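The following pair of complexes shares a single chain, chain A, combined with chain B in the former and chain C in the latter.
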Partner chain A sequence: MSLIVSDLWKKYGEKTVVDHLSFSMEKPGVYALLGTNGAGKTTAIRMILGMLAKDGGEVLWNGTPLHLKSCNVGYLAEERGLYPKYPLMDQLLYFASLRDVPREQAKERIRHWAKKLEVEEYLYPSSSSTGIRGKKKEKPKLADQLSKGNQQKIQFMIALLSDPELIVLDEPMSGLDPVNTDLFKKIIREEIDRGKYLIMSSHQMATVEEFCTDITILDRSKAVLQGNLNEIKKSYGRVNLSLKTETDISSYIEQSGVALLSEKEYEYRLKVQNEDQANALLGLLIQNGVTVITFDLSEPSLHEIFVEKVGEGHEME
Partner chain B sequence: MSRRFHSFFKVFSFTFSHHAKTKGYLTATFVTAFFLFLLPLAGMLAVEFFAGDTQAKTSYQTAAKTVYVSDSVYGEFDYSRLNDTSFYIQESSTVNPVYLNFSGIAYQPVASVEEGLEKGKEDPYSLVLSVTKDAQGVHFSILIPESSSLTEEDGDGFSSYLSLAGNAILLQKSGIDTESLGALSDPVSSEILSDEEALLETDPFQGIRDVFGMILPYVILMVLYFLILFYGQSVANSVVSEKSSKLMDTFLISVQPKDMIFGKMCAIALSGILQFLFWGVALTLGFVAGTFAVKGMFPDTDMLLIRFFESFGSLSGLFTLPSIVVTVLMILGGFFLYCALAAVGGAIASKAEDLSATNYLFTMALVISFLFVLFGGGIENIASGSPILDYIPFTAVLVVPSRLLLGEISVLTACISLAIVLLATVLIVLLAGKLYRIMSFYRGKVPSVKQLFGMLKEK
Partner chain C sequence: MKWNKKDFTGTGKVFSFTLFQQLKSKANLVSFAIMLILIGASVPVMAFFMGDKSQSAEFSTLEKVYLSNETDYEVKPEMIQQEDPSFAQTLFIWDESQFPETLGEREAKVSIAEDATGYRILLSYDVFGEVKEEEMSRLQSAVEKAFFNARYQSLDISEEALSLLSTPFDITVETEGAYTGEGESYDFESRFWVQYVYSILVMIVSLFSSIYIIRIVVEEKSSKLVELLMVSVKPLALIVGKILAVMVYLFGTFISWIGVYLISYGITGLFMDVSGIKNAVLSSDAFSSLTHIDPLLIPVVLISLLLGYLTFSILSGIFGTACSSMDEVEGANTSVTFLVLCVYLITCFLPNFSGEWVFVVSSLCPLLSIFCAPVQYVLGNIGLGLLVLSWLIQIGVIYLLARLCAKIYFDLLMYRGSRLKFRQILTIAKRKGASK
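The block that comes next holds the complex of A and B.
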């Protein structure tokens, strides 16, 4: 299976909102679409999924134009919601039926995902004691009785109910607490292991780095950086140096010409031009008898690459 | 096609089951039905109880069982014929009804008034009738014998009856036979008729048609108006609900907007039709129960409404089955057409609050169509109204049902109108689907009509 997006573009009036975007996924994994607010990520996703008419370009799934008939898609949209006054189980069964999942199979899948996402108590009301009248079954929960995080879990379930081949997650972890973020990450990892194709749009760079093999960074509708994440990082070289010592080494840093980014209790974040410059600083410290506790030379983070590419002037979401 | 139908059916069944299960719908259905049942039942009983005696005042009756007749005026008359009241009062007017109760009275001739009065002393339920003639004319005098059990009212009742039957008595005394008397009693009128009108004169239902011609257009308009007003808003609300609930992206990945809109529209319309039918049945049952209750409690009732209901039996043959079927389909088609317009309003709105600005689409269309129909002669003069109104979908649904039922247009013409209405409905739903897709990602104020056309031109 493969997903090929080529030369996708769209204009609203005179304004180009997606400018000739191309990328491909030849094997299962996670592809990241990154960009500032209004860069065109969600519009691109909507065009890829056929929800929005494209002005040009094509989206191929296994060599044929991507269509809901030919590709089983699961989509967790950035703008999320549920019917506030309908029982949750009814909504899940409804969306499953719209994706042609037989009712019994849908019920099995709902139970499976409810257990995984720890929302069983909201979907399967238990009997509770009500005094002399004995036990009374609780009413099914409505969406507006759930916290935002739990609603997000139900929406994630809707996206996964059809057991999709292609999963598109637009800001999947936004608004989740750390415990639930880990729960989502675990499920995403399992889906990757099951050979699924994932497209993820996120502003949480650490999360993207954790999962994604390939990325596209969009800036003002244009792709400004594309490719394999590891190769992109390699191309920048190892220029981030983290140093921890027992004494103040500011003078040595200044002497070696290394740029100081931050310092806190003898923990330094430095930017070097190359590995030789870092090694020269290490030699200088050893020569002068400074005890070095940590010396970590690494490639730039995705966050740094993103900021460098789209400019610090942009407001992050 | 099958997937499309599948999507439509899923949306339809989900929307219908949840809409029809809401507390608001169930409460409105049953509470209104209860009152619609109770109102005619209680109203008919109240009318009969409080206003029933006003009818008694206009009735003529007597408790007399024997009448001694002293008749010295020319000619013979068999007074026992007065027991057949229908002979004298051919048809009771519905405006001023006459109620006669003079059967079973024994008429005995006597030589003089005195003889009659003497005989009457032995019979407490007898009257004496004296027929005399002078220069002013013939006089019918009623005398109540001494120690009679009868009251003056019994005398008045009989006297009033004689006033009605007096001329017929005199005509028979003159020697005219019964058949000739009937011919003389026939009403006479004269008028100028065209060929076409002369043909219509042969229609036994023409009078009823004229009445229906005045009532039907308004009744059908009212039914459609309330259906559209009650449920058009619900259709728009349902269409916009995914936008309000931020479910639109999730929804659009599974269903085509036009399938969704069509499913929702049909679900809300069906729930509306069922609710209306339920109310109609409750109202009918209310009238039926009212009729039985009034007849049970007041066996002598002659309530106009009950007589009106009873006259329905004589209407068989007034409307043909095909015309009734096509009329019902046309009303339903009209309801769906305006619901589709309401769906366009829902498709344009980006949130529920915008509906107040977009619902003008179906309300304005209804008002403008009504004005067209009114000034095009579709209401006041159903027969001579402009025929083009039958082929404009928005006006056709207002005029064709009445015109078809009244026989002003053929079933074929009505079927053509119905086809146009259904086609227009489908086209409007497709337009609503396209607008929904365009507007689903639109943010800002509700666009103007010009802006909407501009958007439709774009991809």
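The block that comes next holds the complex of A and C.
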């Protein structure tokens, strides 16, 4: 299976909202669409899913145009909601039926995901003791009786109910507490292991970095950086240096020409031009009898790459 | 933009979900139950009051009637009582010396006089007393007939001749169509009632449907579920499913109300006298006008109602999607209600005009034809060909509205902001690529 997005573009009047976007997924994994607000991520996703008419380009799934019948898609939209006054179970069964999942199978899957996402108590009302009148069955919960996080879990369930081949998650972790974030991450990891194709859009770079193999960074409708995340990082080289010493080394840093990013109680974050410059600084410190506790030379984080790429344009403005 | 089968995939699922939720809705259930109770209870309540009225109608509450007759014709009390037996227990006094200064609560005075222009009958009673206006009407009618008979009797006319002379007759003016047997003739009153009853029916259906559809559409839009739905169904399937669900719900509701009324009528008839209700319905102008209509024309009415429903429900769907929150529902409802009422008011004035061009224009003009075309056909003012043409125009309007809806529905669903005006909606429709 493969997903190929080629030369996708859209204009609203004179304004280009997605400018000739191309990328492909040849094997299961997570592809990240990153960008600032209004960069065109959500518009691109809507075009990929066929919800929005494209002005040009094509989206192929296994070599044929992607549509609802050719590809089983699960989608968690950025704008999230549920029918506030309808029972949750009715809503889940409705969405499953819209994806042609047989009712009995849908019920099984709902139970499976309810257990995994820890929302069983809201979907399966239990009998509770109510004193002398005996047991009384609780009423099924409505969406507006759930917390925002639990509503998000129900929406995630909806996206997964059809056992999709392609899962599109637009800001999946936004607004979740750390416990639920871990729960979502665990499920995403499992879906990757099951050979699913995921497209993820997020502002949380650490999360994206955790899952994604390939990325596209969009800035004002254009792709400004694309490719395999590891290769992109490698291309930047090991330029982040973390140093921890027992004494003040500010003078040595200045002497070696290394840029100081931050300093806190002899813990330094430095930016070097290359590995040789870092090694030269280390040699200087040893030569002068400075005890080095930590010396960590690493590639830039996705966050830094993103800020550098997107920040360039914004600075020019 | 061409439609294909894919555009309607999922309509059935949207229909069943929407209908099921409407039936389960607590607010709907409560209002439905209240209406059923009110309708069910209305029959015995009406029977109780109308039965009481018929009892009282047997003998008038009038105890005394002072009869002053200045003419040469002798109007005897028994003549009045013979004309209307409800006055059998009423005492008629013609001795003017017994006439009081003021009339009591159960008293009336009848003065029959003659002047240069003819005869005058004056009836007086205490409006704040116990005598009802309708009893005075009956007294007036009975005195009128008694005086009429007294005049003929003064000419020594035999009973048979008098009976012959007083036989009622009816004058009807018929149209050329009725004369040639091609159509029936209807007087102004019939035309008014047929138009009035049908317009009310269309208005109720249109207003109810708009309220429900706008609410459902805005509810879905404000719940921010639209994007999730759009992955599985096309916008057209989404709105068509809703319109059909509301149609079934509304028509089902109306039918169940009628059913409950009939059941209640049947059950009440077992224990109470319902002839009062029956007589009131049978003697009403509306009923007598509607009974002129051939039952075979019911399909004409149903098709017209369906087309009217579809027109206003698609319009409601468009107005609904122009809203972003439930707070704006009222504004959208007002727009549709205003439109429906405007058309309704125009149709109310139409029976005052007659002329072929009025019949044709009102039957073919979009929106107006929803209210007028079947009525003009039923009244024989237009032929079947013109009615079918009217339906085709209405179907064309529905098609155009549905196309407009399909073109802008996605954009409107995704729109977040203050309620859009119809002009702005059309601007969106004109925009290139506004199909999804």
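In this section, the second predicted complex is superposed on the first by the 311 of 317 C-alpha atoms of A that agree within 3 Å, B and C clash if a C-alpha of one lies under 4 Å from a C-alpha of the other, contacts with A are read in each partner's own complex, and residues count from 1 in each chain.
One rule holds in what follows: a residue touches a chain if its C-beta (ideal position, glycine included) is under 8 Å from a C-beta of that chain, and two chains touch if they have at least 3 such contacts.
This one's a predicted model, so the numbers in the text were calculated from it and none came from an experiment.
Upon superposition of the two complexes on chain A, a steric clash is found between chain B and chain C. Shared contact residues on chain A (touching chain B in one structure, chain C in the other): 46, 49, 51-53, 55, 68, 73, 75, 77-84, 86, 90, 94-95, 97-99, 155, 158-159.
Residue ranges of chain A in contact with chain B, taken from their complex: 43, 46, 49, 51-55, 68-69, 73, 75, 77-84, 86, 90, 94-95, 97-100, 155, 158-159. Of all the residues in chain A, the ones that touch chain C in their complex are 10, 13, 46, 49, 51-53, 55, 68, 73, 75, 77-86, 90, 94-95, 97-99, 143, 155, 158-159. Within the complex formed with chain A, the chain B residues making contact are 3, 6-7, 10-11, 14, 18, 241, 245-250, 252-255, 437, 440-441, 459. Within the complex formed with chain A, the residues of chain C that make contact are 9-10, 13-14, 17, 20-21, 24-25, 219-220, 222-233, 410, 431, 433, 435-436.
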